[in-house]
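This is the structure I want to talk about, given as structure tokens.
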């Protein structure tokens, strides 16, 4: 881990009404590293990852990105931050009324002020990288789930973010299309993209993650490099969770 | 009395002048009411504090009072409050406010089909709520809401005949005015019904073309 | 004796005259032609009257039908069906009165209906029962002093009114704002949406008397006869109405009704309209 983390959370807390969804979270993400977040359903993974770009606003704590503190109570601060941190969702969330190309050029043109031609050139290059150059003019409804998710990933990349957040990017996909998406993510990791990934793909975690974080009940229970994390989990809850996943096995495609 | 075509031919220029005014008033009001609808729906959906309550009140007021009362309020009532609009603009304003309330509901209905997922996606790309509304939500809502927006626009077109009551010389005014002098009731009402029908069919035709174009992304 | 005789004779002749008068009016009462079956079968008289034209036809503060023409209608019902209750009064406007009649919603119009050739094409007119001129109402300080002063100005009028027709034929260059009701017209005048409001002089006199911010221009034009309107081809009914109007005149009922409905200060104008011959004007 490098001395200066790209993303740094300290004492993050969030409650929904009476329910404390996150409690005193400290987390660092080193630049160029892949952090995988796992945990049982309802443990707060989505909430935590959304606290990094303000889709969920933390009630308390501090967030530092690239050395700059983010004013967590100011909407404009979050809006500025979101141009630097991309996000990929479980349901792809492509804009259905825009072509694939337009999905990818919209925000670079609006937020990064790229001229149209340049934005399109960049978009086509990114699409070619994920094997979808021929789909540029199509509308999302003409693409398979896996193709849509790959578009969603390069759409996030088109903003040239410092980091990308993934919230269960393969959970909605057919098993045969999952591989294509994971391959893309693996390539990104190899290129040194900073990523925070919520996933149930333990194979991917083991192979790609620099660090695995296990959450339960809104708290971080245990974290470590995948080798030691999977080989020798320290906490009882971690062990229970991992054995549960293994016994189902279906989610493991590695 | 038999149906007198020669009489109608005689009155045709007057009817066409009325028709032109009907088209002007309606077209302007349709455009403005859709604008009101978009703004109102945006305010409702983005839950702008205080203003959204005003929008709710406005919609309820318009939907639960007669158009004719609203028209008279604007034409005869507003001057008392210091705002005297011409015949034409009184007409446009009343039709705009009337249809605007319905367009807010139509567009809001369309907006509700734009899910939380797209909203988060747009935000996560750095779009502001307003840009999300303008670039993503509104275009999608208009597609979904287009049939009901067309209905409201057709009603607006037909309701422009109410403007005869304040003396605006639109199509119905011309007919009623001529009838009150020449008593060619059957000829005149038959003529304007046919003209209104043609207008509505034309409007529907262009709306269906628009709908077809807007729906291209969803056809595979 | 002679004197006495003469006096007696005078007294006698007075008596005789009185008897004769009674006999005549009795004879006239009986001389109303038979009520046509088409009207009789309804069991009551369906009459269209104005509701915003005091003192001819209007509704009083309690919302009851009032006015001279309303009383005329009630009188015809009394003669035709034997009771003042056998009547169904309908409010008609200048613009819808003829459609109401021809659509058989009412069987006659006593509704400030002026006799014009266009109207004569679609309805039958009774004998005129009064005349009515037109005038204009303007703001007190308006520069309009006579009819010709409205050239190039906007004149408010009612759709289908005698004045609308008259301006179209006689002064087509005058801008018109044509509204549906007298109250709309008056309001529009007060809000300055037009420079003058033209209507029957009889109507405007009442308004001007009540409202010091307005004045009459005072030049009479478009003087026309007012008559009862009935549907075409109902000759027996028309004959009945004509006879009834004659009887009202003979019995002096018009003067009585004018006294009943018109305040003393403006009464002569209306008495003249029912009893004096029509004056000449543009």
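Lettered A, B and C in written order, each chain numbered from 1.
Everything that follows uses one rule, which is that contacts are C-beta pairs under 8 Å (C-beta built on N, C-alpha and C of every residue); 3 or more make two chains touch, one makes a residue touch a chain.
Note that the structure is a prediction, hence the values are computed from the model and not measured.
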Remark   = Every chain in contact with both subunit A and subunit B is listed here as none
Key: Innermost chain, where centres are averages of C-alpha coordinates   = B
Task = List the centre-to-centre spacing of subunit B and subunit C in whole Å, with centres computed as mean CA coordinates.
result = 43
Remark   = For the pair subunit A and subunit C, the C-alpha centroid-to-centroid distance in angstrom is 87
Remark   = subunit A contacts subunit B in the complex at 53, 55, 79-80, 82-83, 85-87, 89, 91, 93-99, 106-107, 110-111, 139-142, 152, 155-156, 159, 165
Ask   = Any idea which subunit C residues touch subunit B in the complex?
value = 94-95, 98-99, 102, 118-119, 121-122, 159-161, 164-165, 168, 177-180, 184, 187-188, 191-193
Query = Mind pulling up the subunit B residues that touch subunit A in the complex?
reply = 117-118, 120-128, 131, 135-136, 139-140, 143, 214, 216-218, 220
Task = Would you tell me which residues of subunit B are touching subunit C in their complex?
result = 1, 76, 79, 84, 87, 164-167, 169, 173, 176-177, 179-183, 185
